[in-house]
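If you scroll down you'll find the structure; I have some questions about it.
Order of writing sets the chain letters: A, B, C, D, E, F, G and H. Residues in each chain are counted from 1.
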Amino acid sequence: MENVTMEEQLVYDRPESMASVQTHYCPGCTHGVAHRLVAEVIDEMGIKDNMIGVASVGCSVFAYNYFDFDFVQAPHGRAPAMATGVKRVLPHRFVMTYQGDGDLASIGMGEIVAAAARGENITVIFLNNANYGMTGGQMAPTTLPGQKTSSSPSGRDIEVAGFPIRTAEMLATLDGAGYVVRRSLHDPKNIRMAKKSVRLAFETQKHGLGFSLVELLSTCPTNWGLTPIQALKWVEDAMIPYYPIGDYKVNPALKELKI
Amino acid sequence: MQKEIIIAGFGGQGVLFAGQLLTYAAMDQGLQVTWIPSYGPEMRGGTANCTVVISDDEIGSPMVSRPSAVIAMNLPSLDKYEDKVKDGGVLVVNQSMVDREVRRSDIKVAMVPANTIAEELGDKRMTNMVLLGALLANLDILPVEAVEKALKEHLPERHHKLLTLNKEAMQRGGKYVAAAISA
Amino acid sequence: MAKELMKGNVAIAEAAVRAGLNAYFGYPITPQTELLEYLSSRMPELGRTFLQAESELGAVNMVYGAACTGARVMSSSSSPGTSLMMEGISYIAGTELPVVIVDVMRGGPGLGNIAPAQADYNQIVHGGGHGDYHPIVLAPANIQEAIDLTYGAFDLAEKYRSLVVILADGSLGQMMEPAELPEMKPAIMRTPDWATYGSEGRKKRILSSIYLDPPEQEKTNFRLEHRWQEIKANEVQYKEYFLEDADYAVVGFGTSGRIALSAVRAARAKGIKIGLFRPVSLAPYPEKELFELSKRLKGLLVVEMNAGQMLEDVLNITRRQIPVEFYGRMGGILPMPEEIEAEIDLLVNEPTAANGHPRDRWLARFGKKN
Amino acid sequence: MPPQGRIEVRDNYCKGCEICVAACPQGVLALAPERLNIKGYHPVELIEQGCTGCGICAIVCPEAAIIVYREVKSRSQ
Amino acid sequence: MENVTMEEQLVYDRPESMASVQTHYCPGCTHGVAHRLVAEVIDEMGIKDNMIGVASVGCSVFAYNYFDFDFVQAPHGRAPAMATGVKRVLPHRFVMTYQGDGDLASIGMGEIVAAAARGENITVIFLNNANYGMTGGQMAPTTLPGQKTSSSPSGRDIEVAGFPIRTAEMLATLDGAGYVVRRSLHDPKNIRMAKKSVRLAFETQKHGLGFSLVELLSTCPTNWGLTPIQALKWVEDAMIPYYPIGDYKVNPALKELKI
Amino acid sequence: MAKELMKGNVAIAEAAVRAGLNAYFGYPITPQTELLEYLSSRMPELGRTFLQAESELGAVNMVYGAACTGARVMSSSSSPGTSLMMEGISYIAGTELPVVIVDVMRGGPGLGNIAPAQADYNQIVHGGGHGDYHPIVLAPANIQEAIDLTYGAFDLAEKYRSLVVILADGSLGQMMEPAELPEMKPAIMRTPDWATYGSEGRKKRILSSIYLDPPEQEKTNFRLEHRWQEIKANEVQYKEYFLEDADYAVVGFGTSGRIALSAVRAARAKGIKIGLFRPVSLAPYPEKELFELSKRLKGLLVVEMNAGQMLEDVLNITRRQIPVEFYGRMGGILPMPEEIEAEIDLLVNEPTAANGHPRDRWLARFGKKN
Amino acid sequence: MPPQGRIEVRDNYCKGCEICVAACPQGVLALAPERLNIKGYHPVELIEQGCTGCGICAIVCPEAAIIVYREVKSRSQ
Amino acid sequence: MQKEIIIAGFGGQGVLFAGQLLTYAAMDQGLQVTWIPSYGPEMRGGTANCTVVISDDEIGSPMVSRPSAVIAMNLPSLDKYEDKVKDGGVLVVNQSMVDREVRRSDIKVAMVPANTIAEELGDKRMTNMVLLGALLANLDILPVEAVEKALKEHLPERHHKLLTLNKEAMQRGGKYVAAAISA
């Protein structure tokens, strides 16, 4: 005979790869979501002890405190170069950079293009929040036309400051890129998609398929002057039209992977 | 003559503005003055404080380890600064946010329930002005009128409707102290 | 003009505007960001050029290019950002261009922190870029001085076709003080006889820092050295306080100098005959003045927000003929007047021999705790 | 009958951003109006019955502050 | 009555915008061809007195000696930034950078992407000769897979050094780019096409249509170890297949121009 | 082992290989390019890492990253390229990592030229990057020394978790001389207790240069200062020639030091009691040794390939108690022995007072022609 | 009849690279076997009749060393 | 004992190799030796020269302004270096490339038609060896056998077939000088 009882099952718990500390992020900032996704993927793949993270300069400078694996901290924009140094001497470790849009697409553009072109086997988690969060919300290369920031007080004037850079699209033109996509963190569906992409990015690295980058549209409620929930909406309404969610480069070998 | 005032509290309590008001007032009186915030990681969230130095001579250090006066707008600020007030100096405490007595007896202490008073005035944001009024009543540095004048001249136009309230808050702070002392 | 209450960063920015700044290029970094932010609205409002560069490398090369045309140009940054400008600074010096750079120092090395420090003295004063070159370096200690030095920096730069660095620290950038602003000038675009702005009506011109033939390069180096001799002869600035009858003196620049003033006053109040020597131009350094002063003194205390960088210059200049002591705070900590006062007491009451190194004694006194 | 669930909030991680509140399909979350955590935030809590254990709150939480449980039938012989 | 006599007409003369000096280029190096084309276009447009050139670091470092107009000289890779400085204070002058592939696509990648993204109204003449000519033929980001250079002595190994960068294609993804094409200097037909593109690039600038760049495939007989004529052939046989001649971004307004 | 004839650049590269170099990252620049080119075949042949970086910024940050793992790493460059490394160097110093950098100096400032110079002495020795930090700086004067210093540099770097700079000039990079190579070591990959190579079996580790809290940063600064005291006590290197009975001495480092040796010999041949003091470690500088020496002398001549950068250190150390003269060539020109000989004659036959500055006298003698 | 042309070579610019020699459709160019210019190169010269003044040599010349002339009918009244 | 030799000519005349050969020979004899090229822009095209210093003691300067001996392989080199040779020093001139006499009389001069001799030997590339032979015959620094030995040991394997020719070229150079002197 069969006994049917109700039993409680754990559906979701904080990932092991996250350290047990509070973050310094502002309430509702989706940097935290990105961290969580990375940690979940690393847990799932069981690669925590083989990880070396490279923190950049930006609000995520303290990322090293929030993950429970080895971490180094790079000068502003140079995380891809530092990651290259680590990966070249430890080719069997997983190496990840975690960079903001000012870091990666402004001061660090040279390094990210070079790393992508070299097909450097590293994974880049790229948080695009359309401004320089840490220094108080200045214009970033990703700031939208007309967007007000503390260094474009009348709104980004494209005549003077030019056009935002669509980083994923640009890097996807490089042969060394194995996996380059854009995702968003503004709702559950997109977060799920983002997680899958983070996984695929690490799988790219695992299988030696070259450079992988996941661009994540992220909020900065503090500097945008919005509540966390308004900020999510702004990602959907203002950012996504300019930065379409999409797969810009996917090495065919990845499609065959069973994850 | 030189006086150093530290105003300390949570971010959002109007700490920096209260300091600037003092600064403007001193400047308008023809005195030398410096204002310096503690900036840094603690700026975001957490605590905020600023140091104002007022003098009739060229000011050396804009920061001091032993101020003439301190306004402590919350408990952590009291804990941090109580011991630092100069002998004979002034310590103004926001009693509403502090659940302990002041230990020192070699300084002038004013315990002011500033939140309560501000709420009585109908605007929580007046807490800092109440405490500032209490300070001015205790520290012989600037007449309260000078600060009122500064308020008028430097409060952004759009807030001018709050002028009277601000003045009132300072007066209440001053009076509360006077009452407490005479009591 | 009436005094206004201004944040140091903003005051420097507005002083540059009033000096006729034609174009600003910079990149955000704490604790100088307000300078850039202020100019991001102020410059366009006046129809002048503001551009946020892609990086400090970009910024320094934009001012390099803009300076070639004869325009008044400026950039600003803080320690790590300034390090990224070193190649460009060396090129600007080698091309003999007038450029003003504001450096608001923070704690280092590396990413360090954003609190005030003076640990880039050597980098700025003794050449962080490659090759022999000499920027003029001015270190304001208060906001009025920051305004005045910035306002004058452009003329100086143009007079000597030289780089001028305004060397401040985070606390000066963040503090407010009443100060008077100078008269407003329109954006200045000169056409000196070396500038490249299009060759209409004249022969073409070239601006570069290459001299592939070593004798040509050596000639250029000598030209730079001679110009520096001239600058040394003409442009020394310093402030003296209570030195007339002094037996002792504190030497400090910028913020540590002004803090020391409080300590000196306190010591005077106790009857110690002590004064303050505050170099304002760190390059050219008031060498002669300090040397002459030292001859009359029984001892010197050097105070800095670093591990004793200017200290070596003071030792060199005073030839270690009198006791010198050192007091430094590092990593973003301001020395407090009381701490300096204690050091003054030590200097006066327990003088050490001129032998031995003041930094060693300082490390022995304070470092061990750490 | 919808599945039964339950969440636990690790108060000290929660920053009261209310993203989970807005995202919960069952509308059973709200900030605790009186309680403050050590950082000074009002943490979120379950205010009603009806949690299905869908996990959406955990998916959107930037602080990984939420643990989710769901009741499942377990068959034993 | 009509007299028909034969008269000699000048078909081609050295352009005025070239200075009357010998270049230091190696015999047969097509840097010289690129110089000539630029000078011819500047003559035709009559803008010599309104030009400010920005020389870069590479074999063309002395370009300032070879043109008869104002010139400045930039640090390695930073010509676009320097040009930006010039252009911003002299918006009505023509500003050109002349850069090699090491200069532009390696050390200077950050600056060129930023300038293109800003839609900086400057013209970039970009010489791609698949190596670092000036320093003795080291690998460049444009060096072809398998190509031997003095720093890839066994041929460029894509596993280690990654893939060459197709600069024009990459920069064309940026909204600020008004005109981005690739041309070659290996035969008369291609040289004629190249000249037309140089003209269009300057027209882009003249009409304020944003950033313009002409990538020119160029020879380096000395470091390739080939005769000048073999080198031209190598451009055709080896380079063009990897670097297709083409228009990667052309502002529609340019098509309507009558030149 | 038998001597081999080697170019300086190649000798340094091979010495690093034999020291167990695990990974090299660099960017071409004359006059150090052969070093990179040599390693581009040598390293892969041994199964080790060679990577041509996208720039010197890339290179310095690649060594930064690789050093974090415990690997033996090196980069190399020349003046303008080294300037681009200043931010990274400051980070490496702040993170306390063992890294070896070779700097083969050329004429500057700016693009300058590719001929040999020593004008980056201040940049390397006194801190071209921001913040208080002290690299160990070794200046070889011949190829054997270049080999030996490079070979030992890695141990030094690891012993002190410090940056070590091999400071050479273009002529040392380009010349050939027979020299003996040391024993070959396998690629060295250590796992010291600070390194980040994956946390298997231990707690996670962090390597960074941020100390947002000023007291923490100050602690780090003190730690660096104390370590530097230790290095100063243990790692001074210098060479003395003919100094036992000398009345005079020439002070010069690297190539200018070795050239001076010829002049000293010639002067000795004429009966002048002169010797040569050649600092090998420029940081830590042989301060005590030079000071003690100076007490026995009647005069000093400082010879450099710059406008007198080390000169200031010599003046500081010797306290201007004896006459000091200076002779410098700049812009890529090597001083010739005969020129130095003439300067020695001047020093001996027409001694000047200790007063006045040797650089001024030098400029008066030579600069005017230019 | 093909058009008649003629070229002049500014010897001191020419580096004897022979690109024009290879490009000339008429095959009328060659390096001067004996002459050397101040840089030590054998400059190019017309060696035969038949130049059409097509200008191709000038188009390919990296040194802008060649001047091209062509005869055209000119009508005068 | 120290001798300094400068070898100067056009790029492609084998200047640097001739200098290296001397250097190897000196090294194999247990002497101290340095070789330094002039590098720089002139490397490409134009002139080339190198300085070799041979000594039995630690070598100071690897560059000299007044060498003991010079091989001038063409006219510009003769013009540049004639005046620099030390009094009593040696100047070997490639007569084939020089259309003037040497002016100095205080030094040993050997005018050698090296191109002609090399062409007689059937290989233009031997010019440098002819001149080197002439130098060795005039400068008492290394036996010609030492250079021959160095040639054998350091000439790349693939050129070993040229060994005899190289030796012969040096001998011819030496003999030409001897003959000229005895004439």
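Note that a residue touches a chain if its C-beta (ideal position, glycine included) is under 8 Å from a C-beta of that chain, and two chains touch if they have at least 3 such contacts.
Just so it is clear, the model here is predicted, and its values are computed rather than measured.
Note on connectivity: the fewest steps through touching chains from chain C to chain D is 2. With chains reduced to the mean position of their C-alpha atoms, the one farthest from chain F is D.
Set side by side, the interfaces B-C and C-E show unequal numbers of C-beta pairs in contact, with more at C-E.
Put simply, the C-alpha centre of chain A and that of chain B have 44 angstrom between them. Put simply, the C-alpha centre of chain A and that of chain G have 60 angstrom between them.
Chain G and chain H, compared by their mean Cα positions, are separated by 42 Å. Taking the mean of the C-alpha atoms as each chain's centre, chain B and chain F sit 56 Å apart.
Shown for chain B are the residues in touch with two or more other chains, namely 40-41, 45. Along chain D, residues 39 each make contact with two or more other chains. In chain E, 26, 61, 73, 75, 106-107, 109-111, 113-114, 141, 161 are the positions where the chain touches two or more neighbouring chains simultaneously.
Within the complex, the chain H residues that touch chain F are 20, 23-24, 27, 32-37, 39-41, 58-66. Across the complex, chain A meets chain C through its residues 57, 61, 73, 75-77, 106-107, 109, 132, 135-136, 138-139, 141, 150-154, 160-161.
For chain F in complex with chain A, the touching residues are 22-23, 25, 49, 51, 53-55, 57-59, 61-69, 71, 73, 87-88, 91, 95, 189, 196-201, 204-210.
Across the interface of their complex, chain F is touched by residues 57, 79-80, 82-84, 86-87, 90-95, 105, 107-115, 117, 119-120, 122-123, 126-133, 208-223, 225-226, 229, 306-307, 309, 312, 315-316, 319-321, 329-333, 359-360, 363, 366-367, 370 of chain C. Across the interface of their complex, chain A is touched by residues 27-30, 33, 36-37, 40-41, 44, 50-52, 54-57, 80, 110-111 of chain C.
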